[in-house]
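My questions will all concern the structure given below.
Chain lettering (A, B, C, D and E) follows the sequence in which the chains are written, and residue indices restart at 1 in each chain.
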Amino acid sequence: MRSRTFSRGLTALLLPALLATACVDEPGGGAGASGDEIKVGILHSLSGTMAISEVTVRDAELLAVEEINAKGGVLGKKLVPVTEDGASDWPTFAEKAQKLISQDKVATVFGGWTSASRKAMLPVFERNKALLWYPVQYEGLESSPYIFYTGATTNQQIVPALDYLAAQGKKKMFLVGSDYVFPRTANKIIKAYAAAKGIEVLGEEYTPLGHTEYSTLVNKIADAKPDAVFNTLNGDSNVAFFKQLRGSGITPQTTPVVSVSVAEEEVKGIGPENVAGHLVAWNYYQTTTTPANDAFVKAFKAKYGADKVTSDPMEAGYNAVYLWAEAVKKAGTTEVEAVRKAAGGITIEAPEGTTTIDGDNQHVAKTARIGLVQADGQIKEVWSSPGPIKPDPYLRSYDWAGGLS
Amino acid sequence: MTWGRISLVVCVVLLALAPLTLSPFRLGLLAKYLCFAIVAVGIALAWGQGGMLTLGQGVFFGLGGYAMAMYLKLEEAGSAGLPDFMVWSGVEELPALWKPFGNPVFALAAVVLVPGLVAFLLGLLVFRQRVRGAYFAILSQALAAAFVILLVGQQGLTGGTNGMTNFTGFFGLDLTDPNGQRAVYAIAALVLGVLFLVAKLLVRSRFGRLLVAVRDGEDRVRFLGYDPALVKTITFTVSAVMAGLAGALFVPVVGIISPAMLGIVPSLELLVGVAVGGRFVLAGAIAGAIAVNYAKTLFSEDFAEGWLYLQGGLFVLVLVFAPKGLAGVVESVRERFGRKPVEVTA
Amino acid sequence: MTGVGSPTPPAALLEVRGLRVVFDGFAAIDGLDFTVEEGELRFLIGPNGAGKTTLIDVVTGLTKPAAGSVRFGGRELVGRREHHIVRLGVGRTFQTATVFEELTVVENLDLADSFRLPLRSLLRRRRGVSDAVASALEAADLTALADKPAGVLSHGQRQWLEIGMLLVQRPKLLLLDEPVAGMSRSERERTGELLHRIASTHTVVVVEHDMEFLRRYARKVTVMHQGHVLREGSVAEVQEDPRVREVYLGRAKGKAVT
Amino acid sequence: MLSVSGVDAAYGRARVLFGVGLEVPAGSLVCVMGRNGVGKTTLLKTVMGTLTPTAGRITFDGRDITRLATHQRVRAGMAYVPQGHVSFPQLTVWENLQVTLEATAHREPAAVDEALDVFPALRQLLKRPAGLLSGGQRQQLAIARALITRPRLLLLDEPTEGIQPSVIDEIEAAIERLHREAGLTVLLVEQYLDFALRLADSFVVMDAGEVVRAGAAEELHDEEVRRMLAV
Amino acid sequence: MGALANQLPIGLSIAAVLLLIALGLTFTFGQMGVINMAHGEFIMAGAYTAFLLQGVTSQSFLIALPVAFAVAGLMGLLLEWSLIRRFYGRPLDTLLLTWGVSLVLQQLARDLFGAPNVQVTAPGWLVGGVDVLGLRLPYNRVFIIGLAVVCVVGVWLYLTRLPAGRRMRAVVQNRELAAYSGIATGRVDRFTFLLGSGLAGVAGVALTLVGPVGPSLGTFYIVDAFLVVVAGGLGQLRGAVLAAVALGFLNGYLEFWTDASLAKVLVFVAIIAFLQVRPQGMFVLKGRALV
């Protein structure tokens, strides 16, 4: 290359690029609560692999914002959502969180799905002393003062599911999960539980995210003949897993699979016929019968289309907006420390029933529900906890979990 | 000469002014682009000058990043403690692999040596066998895929998919403080500048000429008495080291390193900037990397769904209409209108 | 079936013995013996497919023979990698000149000149022009074009550049494959002169078809035919040999025309 | 039938043809002669369109074909047997013939039989991959393949080069028959004099990319011409 | 020991999937030297074709096979005609070019069909399985193995028995001679691309039986597909078949002995090691080389 001749003109190329980045510094949008508007950030993956799940959560959160505005907003001010794309990429989540906080100066942020995105955002919120509302069930063992967790922690989903299986007399279990933090932590809890309750764990298998070849794993399951399979696979892998499981002749009657990451939306993608008869564990189903849920489902379908389904993470996202709004009302300001103080004990009648913020760990008390996947793709509740379960992210109230945290 | 000097000075001035004019958030973004620009310099060397299309540059970026992250995590955890993710993963004792990373000198050496060594071994294996062109590209891509799976699978060692995050300090700098961030930015800019000069010297050296010769006529070079496999391996190693340094800087700049940064797609994304800017020209590659990543930020802020269209479209347009990238366009414009008459084929 | 001069092995620079090269079951070279003495200018001719280029390919390590040996200054070349053979002192050009178009003429020559430098010195920038490069520039008559990219050279200039690149490497043996193919008449003449000068100080083997060229510059000619040596001798001797006329004018059919 | 005028051609920067002109009248057999590397093959490639001339004009039956694609020239009635007995090595003999037939405009299966009648020896080899044939057999196949297109002009590039003597006679006889009996127009590139002497109506001698001599076959006995060709 | 034997049919079914996704590539990559990163998106197009067609008639799944072939094939044809044609001889650039195209196609799918996976219901006759040596072999796997065999045989017959296939082989073996034989080589190139892409479409339909159907579908398979072609060698049908079978069994057994993650890594190591011995893959086509 005639680099000498080239480079002369070419360092000049740097000019526009650098000028562009260096000189364009958009003016911030002012304070989160200025004038008659309150800005709130909504940060989910709208592109990339996680968009599948997160777009619907964003939709639910936007619905909640709309409903609150229709009822006059918060503190007499309208909520203005600022939406950002995390692009299924954890550093991008951190970057966009920073942008929402420092540039848009939002009052709070609703967002995230994967543990990785939460872990990436956590230092940003702690550093800026800003608030994040995280709407998805997760692996627990975390309690940040600047995060509110409106999805289930392990003692509100995994432990009840294990209790249910034990009550059904399932003595031998096989663990299947995607290779990341939630399944690994979940399985650790399951193994501790199993050891304490005389349940045998026949196998523990992980597959890479996005894995689609499950014949070997299914063969291992068929070989082990467990009473139940505990499934913590994530996303697309579930489709492949259930399709290939069904073909192998393993039926829900002989070997039910309990999934903790398969909701109504995923059932649609897997194909209900492939997953019908298997179990799922959540805190909410579209079929949950509460007055609030009737209204939620109706409003959601009216806004986004009659063929849309609602699911647990969507409902948790929807609740998050309401819980925050109630806390702001109680605090009389959007100021973060005041909202945090006010949040403890806030209770709403959510689609899943009564939910209350636990002031100690900023999680939410939730009712656990075991559901049976129906042939029409809906999930029928077959068991529920007697009432909302107090969140215990570190499982301190369970003696068998002593060695876990 | 004056042209280049002037623009170089302007660039340096702009980079120097950025900490004063930009908000810490924007400055952080600029620092991130500079990290990608460092990778771009390496890619321009390997691909543009050496003809080795590496689709696995994310691997080396990751190796450097992880080495740095391991040190920072240990630094933070103190002498007795364990890094936070190990606590969640139930690791009770510091794994042997981690222990030496408590030493800053070892960690800094690892940032350079680990990516370099991996690239050197891989290069030696494939280039000796005269695996080249598309075969090399596909193998490097498979390497990226395999590496990510390996990282994710070793959660107790690497933090799994989450990777490592929550870094507060960097060799005494407070990363939560705007001044600390400015310092990190300055380091990134400095490293970019130094590596740019190193690459420039390399390109202009005899070795650089040899590299171009290997790209254009590997077999002919053999008959000049050189071993092209060695030339390619060295260049590939240099480009890997640059990617490793970029990864190491990325950690304090962005505050996270995870497998999501190293897979196939991020590796290809690193190429977009180089292709757009012009793979044959170092400055073009840097400008391209900065411009494309800036465009990505802009787009995902205002038009999230459109980014893939733009990114894909950019690739197609550049390759069809300007295979030499913007640098090529600038060059041909200068040829047409510039004062300097350019030698036309005799 | 050795050619002339085989009984005096000590002076031989290149000794090819019992060479056999097979492509897809077809023996391109079969039982070839070929010797070049130090200081010779040898012309290698023969009809298409006689195996001339194949012979050069084997000597330079590009093609692996099925059998036979190639000894250069007493060392076996078969089995060595290309760049090792170059380092032993065997240089070659190709039928279609391959120079590095992106590099300037001087850079091309300098690259050829630097192959013995240790890696450390390669990392330094070239300062000025070495004597060898300067004289090669002169020899190839490219001084005026020294700083132009080789891509702008004409075909003939490329051939000269390639020969120049060979010269700066100071090989003990030069193998030139059709150096005047595709050249205009005046270019041929200049190439001939260049060759003449080179031959005065080097051992050279030239594959060439151009007979005018041959008559003017050849001292000793080897005629190859169907993978072996048909005749070796002076131009006059070769021209008079009926078998040589036959393979050129007639065919290996047994019907001599003259 | 074929007329080439003022054609320049080059491979990249290496200029090979310098203003070559040539006439092939219908029904004639013209022999292009010259030593290795004087541009004979290049001339044929230019005529067939795999090399685009940088200057000059080529007409076939009065139609300008200078810019026509190769396969269109074949369909117009020109067939070419390249140097070096080339074939599709992994296709059987039959497939080699069939694939050509299927690309012709006429597509008459009888053409295969006609071509095989020229070289009956090929009939026993129909199922064998062409790559496993001997050079002579491959050359017969190559000519047969060309004949299947039912050409009006046949271009042959050194058809007997590198072929065992027994087959050379057969090939020579076949070319002679096609020319004399079937009236096929032939443009033949040859290095060897005796072949040309027996077959050609007229000849062209090339040297260094130029036509240096042209004339009737008898003039080939001229000693000057011989010197142009020999060592 | 029983489970070990069980892995035999599993290796075979993994091989069948690999073969289906890679078969089309042996044409576009192996025979034409075009590295088509959008191959995965052609697979995706086939899968979405099955999605769109389902419920149209009772046998819509079977109908989807030829339709998907046509849809993906036409997409390939369009790609070749509009872009790739300009890039012959620049394989590395086609790689980047087609990667750009694949990004656009993925986003297009997301906009057309939504980000979530869609549901493709397997026809009733593919539900269930047959017991072989104590192992239940699902009908859908049997179908995929069968389809792979049919495709390979079909491709083989096409190449050896049909005029168009002969033309294709002729062009691959000697492009210039093909032109001298009257073959319009440009048209053959386009057709080769149509065939290779069409096969991706067929693979896409088959994959709906065992995997997800969504915009990222192609990305799950593309790397594996390329590895099969690289290991198999340039443009050779038997190379692709052998490589797919070898990698299928390797994958099956390695995963059985270790786990899915490690198996993938080990397979990559095995390929690098293999290329040390045979840098050009199992079979080399003499003549047209890549790069």
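Throughout what follows, contacts are C-beta pairs under 8 Å (C-beta built on N, C-alpha and C of every residue); 3 or more make two chains touch, one makes a residue touch a chain.
Source: prediction; values computed, not measured.
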Ask   = In this assembly, which chains make contact with chain A and also with chain C?
value = B
Query = What is the minimum number of touch steps required to go from chain D to chain E?
reply = 1
Message = Counting one step per pair of touching chains, how far is chain E from chain B at the shortest?
response = 1
Key: Chain pair with more C-beta contacts, A-E versus A-B   = A-B
Ask   = Using CA atom averages as chain centres, what separation in Å is found between chain C and chain D?
value = 31
Task = Would you mind pulling out the distance in Å between where the CA atoms of chain A average out and where those of chain E do?
result = 35
Inquiry  = I'd like the Å distance between the centres of chain B and chain C, where a centre is the mean of that chain's Cα atoms.
reply    = 45
Note = Among all residues of chain E, those touching at least two other chains are 107, 110, 219, 259, 261, 264, 286
Key: Residues of chain A whose C-beta touches two or more other chains   = 1, 47, 179, 206, 208
Key: Residue ranges of chain E touching chain D (in the complex, touch as defined)   = 160, 163, 166-167, 169-170, 173-174, 176-185, 286
Ask   = Tell me, which parts of chain C touch chain D in their complex?
value = 24, 26, 45, 47-49, 96, 153-155, 158, 178, 181-182, 184-185, 188, 209-211, 214, 223, 226, 238-239, 244-245, 248-255, 257
Message = Give the list of chain B residues in touch with chain A in this complex.
response = 1, 3-4, 6-8, 10-11, 14-15, 17-18, 21-26, 28-30, 32-33, 48-49, 85, 88-90, 149, 152-153, 155, 160-163, 165-168, 176, 200, 203-204, 212, 254-256, 258, 260-261, 277-278, 280-284, 286-288, 290-291, 294, 297, 300-301, 304-305, 307-308, 326-327, 330-331, 334, 338, 340, 342
Key: Residues of chain B that touch chain C when the two form their complex   = 201-202, 204-207, 209-210, 212-213, 216-217, 219-220, 222-227, 234, 343-346
Ask   = Quick one: in the complex, what on chain A touches chain E?
value = 47, 49, 51-53, 55-56, 179, 205-208, 210-217, 219-220, 222-223, 236-240, 243-244, 246-249, 265-266, 268-273
